[in-house]
Structures are given as structure tokens and as C-alpha cells.
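Taking it in order: structure first as C-alpha cells, then the write-up.
Chain IDs A, B, C and D follow the sequence of writing; residue 1 opens each chain.
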Amino acid sequence: MRHEDAPQAEQTRTVILGVAASDSHVVANHLIAHALRARGFHVVNLGTCTPVAEFTEAHAEHPEAEAVIIGSLNGHAYEDLQELPVARAQGRLDCPVILGGNLSVGSNKESADIERLRQLGVDVILSDPELLPATLDELRERALARDTVAS
Amino acid sequence: MTDPVTPSEPPELPSLGESLSYVRELGKPTAAEVLHTARAEGRVALQPRCGVGSHAQMTTLLQDLERHAAPDILTLTIDSHTRLKRFDNARAALLRNPADLNGYPLVTHGWLRGRQLNEAVRAPLEVRHGSPDARLLFRTAVASGITSFEGGGISYNLPYSKAVPLTESLAAWQEVDALCGDLARRGLVVDRELFGTLTAVLVPPSISLAVSVLEAVAAAREGVKCISVAYPQGGHFEQDVAALRAVPALAARYLPEDVEVHAVLHEFMGVFPRERAHAEDLILYGALVARLGGATKLITKTYLEAYGIPDTRANIDGLLLASRANSPLLDFIQLDEERIGHERELILREVAEIVEPVLASGDLHKSIATAFEEGRLDIPFSASRYARSEVIPRRAADGAIRYFASGSLPFSARTRKLNEQGLESDDGTRIGDMVKGLTRDINHFLNVFGESPTIPS
Amino acid sequence: MTDPVTPSEPPELPSLGESLSYVRELGKPTAAEVLHTARAEGRVALQPRCGVGSHAQMTTLLQDLERHAAPDILTLTIDSHTRLKRFDNARAALLRNPADLNGYPLVTHGWLRGRQLNEAVRAPLEVRHGSPDARLLFRTAVASGITSFEGGGISYNLPYSKAVPLTESLAAWQEVDALCGDLARRGLVVDRELFGTLTAVLVPPSISLAVSVLEAVAAAREGVKCISVAYPQGGHFEQDVAALRAVPALAARYLPEDVEVHAVLHEFMGVFPRERAHAEDLILYGALVARLGGATKLITKTYLEAYGIPDTRANIDGLLLASRANSPLLDFIQLDEERIGHERELILREVAEIVEPVLASGDLHKSIATAFEEGRLDIPFSASRYARSEVIPRRAADGAIRYFASGSLPFSARTRKLNEQGLESDDGTRIGDMVKGLTRDINHFLNVFGESPTIPS
Amino acid sequence: MRHEDAPQAEQTRTVILGVAASDSHVVANHLIAHALRARGFHVVNLGTCTPVAEFTEAHAEHPEAEAVIIGSLNGHAYEDLQELPVARAQGRLDCPVILGGNLSVGSNKESADIERLRQLGVDVILSDPELLPATLDELRERALARDTVAS
């Protein structure tokens, strides 16, 4: 199971995938990468334990990436994404950031746990990875619409 | 508690000698002694996972668990930042909101607080973590008077980090083991538990046990005298019992006689059912596997497993339910001994085929690192770049975990054939999308209980 | 609840026809339907004991049990005064302090309140009591829309009263059964559960089943179409499983084909261990016996059994623990089928030897009464003068319950010999004080768990 | 297991034993009768479901009885002994009344449960039947002492 694969065609859509900095849960990451590839995406999979800086570096290498997709299972999403606001303010991560997994510590999740992640600059929070393709489509359409208006 | 969130200044670590006399004065049995007694009494010792960020709450958590469920050994589960030596992040989270931490940051709290925890309960403590390099954590644990320490140079690297070379983690764990050897010579046997659970999901028994054998050999060479071999319940009864029963044979074959070796079962570590009744069926099942497989110790789960770190009540309930497996009223249970014997033979052969070429070489560390590089050693779903994950496990129709692909593992033709046979009856699943099938296998217990999967299917 | 403690005036009972249409409108399955479905699904249906004096609290109790443990059938356990038609005492206690009652005084509260209870929960209700003459209680139950009714002319006389002649109780229960026959012909099958548990303590399986066979034959003759044969867990695994597995054979042998017969297990009904962990071991054990013996239903106990009527929490916990026995993960369990087969044969032979002479005679009621008079039928520890209690049970060394003395039971020489053999290995206990030994046998599970007996030893 | 047995000797001490009116629990009753007989007592065992009136009748038949020993297991002791005060006031039960078993409903026993039984006229409340012989001895000595003073 290689961590990156070659773009298949001209029109290939690229996404950057990874697991948050302190987090080594990898199974969902493997499966999501497979599922997106099966749908034709070029997946730059950074794997587990990926700090924000590594996502920005990958984005610099792949400026065509439509989105950065981050998984966090161990409950540490908030601490692991502390550098996200600065990175975004500096324009080093100017594509949508999608986050999913188990996003806070404990068995009782509160809406505040989600809210503070949005405030860090996460654009979309998903629970079901099956929704990823549709979400990516929608984000791209929105971006295209925005670009059309802007140009 | 009026203690500040973190101690203002990390106290300097005491000498090994001072720690040794502290343990003696503590007046509680060591983890190794508790394990020894449990085995002698034919009981499965029970241990929860438990760790919260706040020192005050950690103290209460341990005390509540002890008061209501009296586990044989208590745990300090360490937070993920500390595991990866992200001590600054651990401190930041602790200052912001201790409840944001998924474990107890022992290094940040410091060994004096470790001693406070130790003194707050009767049971000995184990540190459970997942650190490729645990040297500082180990020293802090010893200074805290903690007599059991989990991990190993392979099992706490590959599932727990992305970019730490195996030679580095093996060297770091060699230091830990050497200190344990030192302590053993000075009269304190620290229980060293090896994390055969690995990435927990669909781990073929022989991969789990092969990694433990290699780590155990390395540890024994450094003078470790008490080794717990942890094995993750895979979900197939006879296979799991066989794996546990393989441990004594492996110890006899690969380890010096004066090392005490215990089999430890982790209640199912994969995707847990969400409904409480289903989760409890699985918890009881795991506990019965431990008893019937002759495990010395069981690490328990809770009915909140699918949701997140459990609250104290759920943790207590999980322990109490699991403790039913120690009931004196279950002697009526008989097993399919023939099938178990067959599985055990298969496991022992596979382990031998995997470890013996590695053990044959002179430099064990280098030989391990190279083998992983070349895929002669491998684990599925590696979190690390330093394993290939070309091994693909699948469930046979009866639920047993087999090698769908064994990558470059040095398996004999016979072993390969037996694994193929195991999957052969698995009609239908070899055809069609492999990932789909794999997902179904991962969601095994959801299927058993008719719960809907939450992943694409 | 603003209801007065007791209704000012007992409402007159409605006609059977009105009650029938009420049950239809109620829109819940009957107990017989629930049992039928459970058996078809290979599940053990669960049912708690529960009954408190206050109507409001009874409502809450049923609802809480349903919300948290969803038993398949719910119970109204009736208080001891009502059982013995001491209605004035029931009313007096209810007026003074409803909590003084050890059950729900349904006759005093009246059928309108019975309907309220029925409407408060989804599960069908059973009335469990212990009344030699339950005619008024039964009419009240039917009027309440209750579709299961426990008892019988022998099993609700001998353990539950001192001076009611068997002919009287048999006649009273014949009326109950005849009404059930009537209802069945009109489309409502009432489940009639027979209390084979008897005096609960050291009941030889064949005594329990023999009494149930006689009551079942009597009930079937009156047109009863659903019969539950309750058997009390004795504590020896293979013997208990054999007893449960004997029920279908007995039904085939002695009952018409169109009667649906279910085996029901009562979790251990004797001296319960006091420590919660021990009590829970026993509860789980009982539930496993039910599953592996193929019982359709299990009546549960709680960890407070040794202390008194349990609170709601304990009752819920007992149900939840017992429900683990329905786990789909226990198929690995294999049994000593040879031993079970041997015990089953022994039980079937003993039952045949006991019941066939009684069934051979023309007038069943008279024949039963005379047989008890002459000791050809007998139960140990009778509460009633109308059984001799010359039968003395003992535990063999392996825990099985055998006939130490079979009194005047018409046993063959072979049966006697087999029982003596069973006790022969019980070296030591035949010598010395019999009562001392009997007490030890009664305290069996205290001994297993190392709890001190509270009775002279 | 007969319900009464013949006095064995002149000096035989008699006790009346039984279980309360609404109560059919009989096992302890059987065992207690056996144990007392083994100690030489003449036990008039009235068995289960014995109302207060039946105890007084037995006492009229056996005026020599040293004590009436009542068991109650089903929690109904208080209701079942409601007639005790009248019977004692009328002198129909002028020997000590000993009560034992499980004396109130529920798993949580309170001292008030015991107190109100004493107020009904129960002299001794025991939990362990093993204490019966010693208790009977003590009661007899007290009675003898009283008689000596009175005469």
C-alpha cells in the first residue's frame, strides 16, 4: 500500500490526505485513500502523524490540490491543528480543509468540540467518509463559481 | 486538589537506587508478583485502560476503579503527545484544558505525582503508551515506583509513528530493557509487556506472536526477567485460544528458562459494536477467550469503545463483566480441542518460518530492520513507513484471520497453501473489490450483530 | 400519581367476552406469542420477578425495567396476603404502608388498575403468585388483559400453604384451567406456567418434572393450549441441562400434540451467595444453563437475592447480565453430551416411574391426592401437611441432586441403585449428622464461593 | 419430618415453633426444629402459615412451653403479628416470644423495621438460629430468677 500514486490522466483531481500530528490511527486512512483512488482521485497520502507544516509543504508541492483531508481519531484534533490559523492566514493552505474522525476526547461529544475546530479554520467537518466524493464535488463547484465571478 | 495543573518545575529524576528503595517501601506487590500469583491460582488477572489529563482526576479515576472493580493491575494510559515526545503540546493542552488530553502526561506531571498516584491505590501500576522512544517516560515511571512498562522497539514503533527508523526505536528500547536488566539484578523485576496487538485490526496471530518473539529475545538478552506477551483477540474462538496457548511453547523454544513469560489477551481491539448489549456480548466473549486460552492477564474494553474514551462507570462495568470469566461455575465448558490443536500447530509453524531466519543472523536489530525493509517481516496497516504492509489479511468464511496476501514473508509452500485453503471456502469474497471485502472483514462484529457499518461498503 | 392507595370500591369484574376484546384492542402480543417467537428464533426469553405494593410504584417499576432491560415478558408478583386470600391484611398493609407488601395486591387494587399497568408497558404480563386457590386472582388477571398465569393445584399448594387439602386446590385450579380452555376456544391462548420449582431447595429434577407432568395433563384436559414447565436450577450443570432437555420428551409422551410446551428455567432458587461478584457468577451460570438446555424462557435473579426484594437497579442489572446468554458469540461452547444423555435418561425413567401409576387411575385429582397421602407422590421440605416430605435429597460429591431417601416413591430397584451410586462417591457425608450434611448441601454455592454459612454447620 | 414429637423425658424443655401467618418459607423451620430436637428440646412445630391465634392455642395446650419461636422470611412480620399485642394483653401468650428471619420487605433493612416489631411485643429478635439454645437458656434463667423473687 504505497503512500502516493502517479496521476492517471490529465483531468485527474488531486487531494492531499493525512492523519493529524499526534495521531497514528491508520486504518481509516488506508481505506479512504483506496476509496478515493477507486473514484479516480490522485491521492497524496501523507499517512499518520502529520503536522500542519507537512500538509502545507505538500500543498506547496501540489498547488492543484482541491482539498486537504485530515483524519483525527485519537481525540486530539484541536491541539494538533493549533497551527492551522497561522498557516491559513499566511496563505499557505488556500484550499478547503476537510476534517473527519473522532474529534474530541471522551464518549460524550459536544457541539462546542466541533465549533472550536471551525474557529481554527476547518471548512468542512464530516463523519462518514462515504460523503467525501460528493463533498469534494460540491466544493469544486463552489470554487469554480467563485472563480467565474472573480474573473 | 489544590495542585497546579502542571508542576512549576519538573523535578529532577532520582537515582535508580533511590527508586528501588522507594518501591520496596511502597509495600505493594510488583506487577510481576501479581501475575505470578494469578497464574498460580489459575485466575485471569484483570486490567483496565485508563488515563486522563488532570492529575486530580487521574487520582480519582484510579481510586474509583479500584473501589468498585478491584482490578489486579491498574494502568496509566499516556496521552498521544507524550508518546511522540511532543511534550510542549502535552503541556499546552494540559494548561488549556486537561480534559483535551487522551491520556495522562506522566512526563509533564513528573515522577513525584507518579508516586502520588502509586500511593493512592493498592494495585501495582503499569504504564501503557505507544512510544517509539520511551526512555524519558521509562525513567519517570521507574522513579514513580511503577513496576510494569509496555512496549518494544517494533510494536511501539510501527503502529504508533510514521517516520522513526526501526534501528532508532530498537536502540531506544534496548536502553529500557537494559535498565530493566539492571533493576532485576538489583532485585526488582519489572514486567515488560510487549504490544503484540500492533495495529489491532485483522492482525494475523503469527504476525503478532512473531513480533513478540523477536522483542522478547531482544529483551531477554538485556536481562529482562518477566515478559508479558500481549495478543489481540481476533474474533475467531479456536484461533484466539490457539494463539494464547502457543505462547508457552514459543517461550520454551526461543527464551531462556529463567524468564517468566505470560500470555495477555486484549479484548477485541477492532471496530466495536455500538449498542451496549452487543458490546457487552463481545466483552464477555473476550474474557472467556482469555480464561479458556489460559491467559494470565486480560486488558478490558468497555461498552463505550465505539464512541470514545470511556467514563469511569463504563470502565468499571467492563471490568465487572469481564470478571465473570473467573467464575468457578464455568468448568462445564468444553472446547473443540482438535480444531484448537490444528490452529496452534499452524500458528507455531508460521511463527517459526517468520522469526527463525531473523534470529539466525548475528546482529538482531539490524536483521530486524533489514527484514522489514525487504518485507520478510511485515505488518498489515502499518502507521509507519518502515514496514511495507504488503501483507493483506482476510477473514475466512468461519471468521478466522488468514493471509490473503503474505507479501514477502518467508512462508513455506505448505503454509501458503493452508492459508489459501482457509480462505477457499470464503466463496465470493475473493472475487469483487478487495477493499470492500476487507472493510467487511474489519466490520466483522458489526455484521455479527446486524449493526450498520459507517464506512463505505 | 394522585390515585388513592386502594380504590374506594372494588369495580365489578367484566365478562370474559369484554376481557377478550380488551386484550385484542390492547395490540400487544400475548405471552404465548412471545414464547413462540423466542423459541423460533432460538433465543431465551427473559423475565424478571417484580412486585411492589403501591400502584404508582408498580407502574414505575415495570416501566423502568422495560426501558433499561427490555425483558420479553414482565411480571406482576403478588403479595403473600393476596396469595392466601388474606385480602383484609393486604388492604390493611396497603393503607398503612404499601412498601410493607412483598408484592402487588392485584385483587385489592382491582382489574382497572391491572389494565393501567398493562397499558403502561409493551411487554405482555404474567401474574406470578403462589395461591392454592387463585380463582378470584385469575379472573382479575384476565380482566386486566394479562395473558400468562402461573400455578397449579399441586405446585401452588404444597410449597405455599399449610392446611389446604390437595383436592381443594386441584378443584380450584381446574376452574382456572377450564376458563383458559374456554378462552382458547374463543381465540385467546393464555400461557399457563406450572411451578415445578416447588420448594426450590434441593428439588430432585424428577420430582419437579413429575409434578409438572401431572399438572400439565390436568390442564390439557381442560383445554389449555400453552404450557410452560418451570424447572429450578439445581446447580449441577449436566443434570440441569438434562432436565430442561427432558421437557420436550415428556410433552411428547404425556400431552396432546396441539399443546405448545415450553421449558422455563428459574435461576438458582436456593441460598444465594451474598457477595455481588459471587451472585453475578451464579446469575450468568443460570442464564447459560437456560441457553444450553434449550429453555424458552428464563426467570432471573439479582445480586440482592440473599438480602431481600431487590431494588429496580439490581433487577435491571440481573436482566442485563442474564441477557449475555443470548450472545451470538457463544457457539464455541461444547458440552459433555454423554453425561447429559445419561442424566436425561435417568430423569425420564424416574419421572415415568412416579407419574405413570398415578396417570393410570381413573380420577386424576383423587389419584394425586391419595398418592401424596401414601407417599407415592412426595416433595422434600413441604410447607403443607398434605405431603409427607419423606423424600430426602442430597448432593453427590459432584454436586448433582440425588435421592438420599426416596420414601415411598414407587421407584424401581434400578432407579434406587443409581441414586445410591450417585451418592456413593460422596464419601463421608453419609456418615455423621444427616441434617448437618443437608445444610451443607443447601449452602452449596456458599461453599463454592467460600462464603460462611449463616446456619449452624 | 413430623410436625410434633413426643416428649423424651420428665425434664424435657418445650418450645413452640412456627412460621408467621402469611409465610410459607419452611426450610429454615425444618432445620431449626431438627437442631433444637438434637439438643433435647421438645419442639411443638406448627410449621408455616401460622396466625397468632394458632400460637396462642398451642400455648394453651402446652402451658409448659418456655418460648414461642416465630420465623418470618417473606418480609411480612409486622402485618402478620398485628394480633400479638392483644394476645399478650389478654395473657394468652405469657412466655417470651422470639422472632427471626428476614423481617421486612426490601434489601435495605432499617432499624425502624426492628423497632416496630419490638413494640408489637416481640421480646427477642435473632438473626442466627445457632443462637437459639443459648438464648433459651438465658431466658429461662431470667424467668427462674424472677419466680424466686416473686415467691
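In the analysis below, a residue touches a chain if its C-beta (ideal position, glycine included) is under 8 Å from a C-beta of that chain, and two chains touch if they have at least 3 such contacts.
Quick caveat, the model's predicted, so the values are computed rather than measured.
*Asks:* Measuring between Cα centroids, which chain is at the maximum distance from chain A?
*Replies:* Of all the other chains, the one whose centre lies farthest from chain A is D.
*Asks:* Taking each chain's centre as the mean position of its Cα atoms, how many Å separate chain A from chain C?
*Replies:* Taking the mean C-alpha position of each chain, the two centres sit 62 Å apart.
*Asks:* Measuring centre to centre with CA averages, how many angstrom lie between chain A and chain B?
*Replies:* 30
*Asks:* Roughly how many whole angstrom separate the Cα centroids of chain B and chain C?
*Replies:* The separation of the two C-alpha centroids amounts to 47 Å.
*Asks:* Identify all positions of chain A at which a residue touches two or more other chains, and write them in rising order.
*Replies:* none
*Asks:* Looking only at which chains touch which, which shape fits best: line, ring, star, complete or other?
*Replies:* Topology of the interface graph: linear, an open chain of contacts.
*Asks:* Pairs of chains that touch, anyone?
*Replies:* So, checking each combination of chains, I get A-B, B-C, C-D as the touching pairs.
*Asks:* Quick check on the complex: what are the chain A residues that touch chain B?
*Replies:* Its residues touching chain B are 1, 3, 21-28, 30-31, 34-35, 38, 47-50, 74-76, 78-80, 82, 102, 104-109, 127-130.
*Asks:* For the complex, give me every residue of chain C touching chain D.
*Replies:* Interface residues on chain C, with respect to chain D: 79-81, 83-84, 86, 89, 92-93, 96, 99-102, 130, 159-163, 199, 201, 304, 307-311, 314, 381-385, 389-390, 433, 435, 438-439, 442, 454-456.
*Asks:* Touching chain B in the complex: which residues of chain C?
*Replies:* 237-238, 277, 280-282, 284-285, 288, 320-321, 323-324, 327-330, 332-336, 448-449
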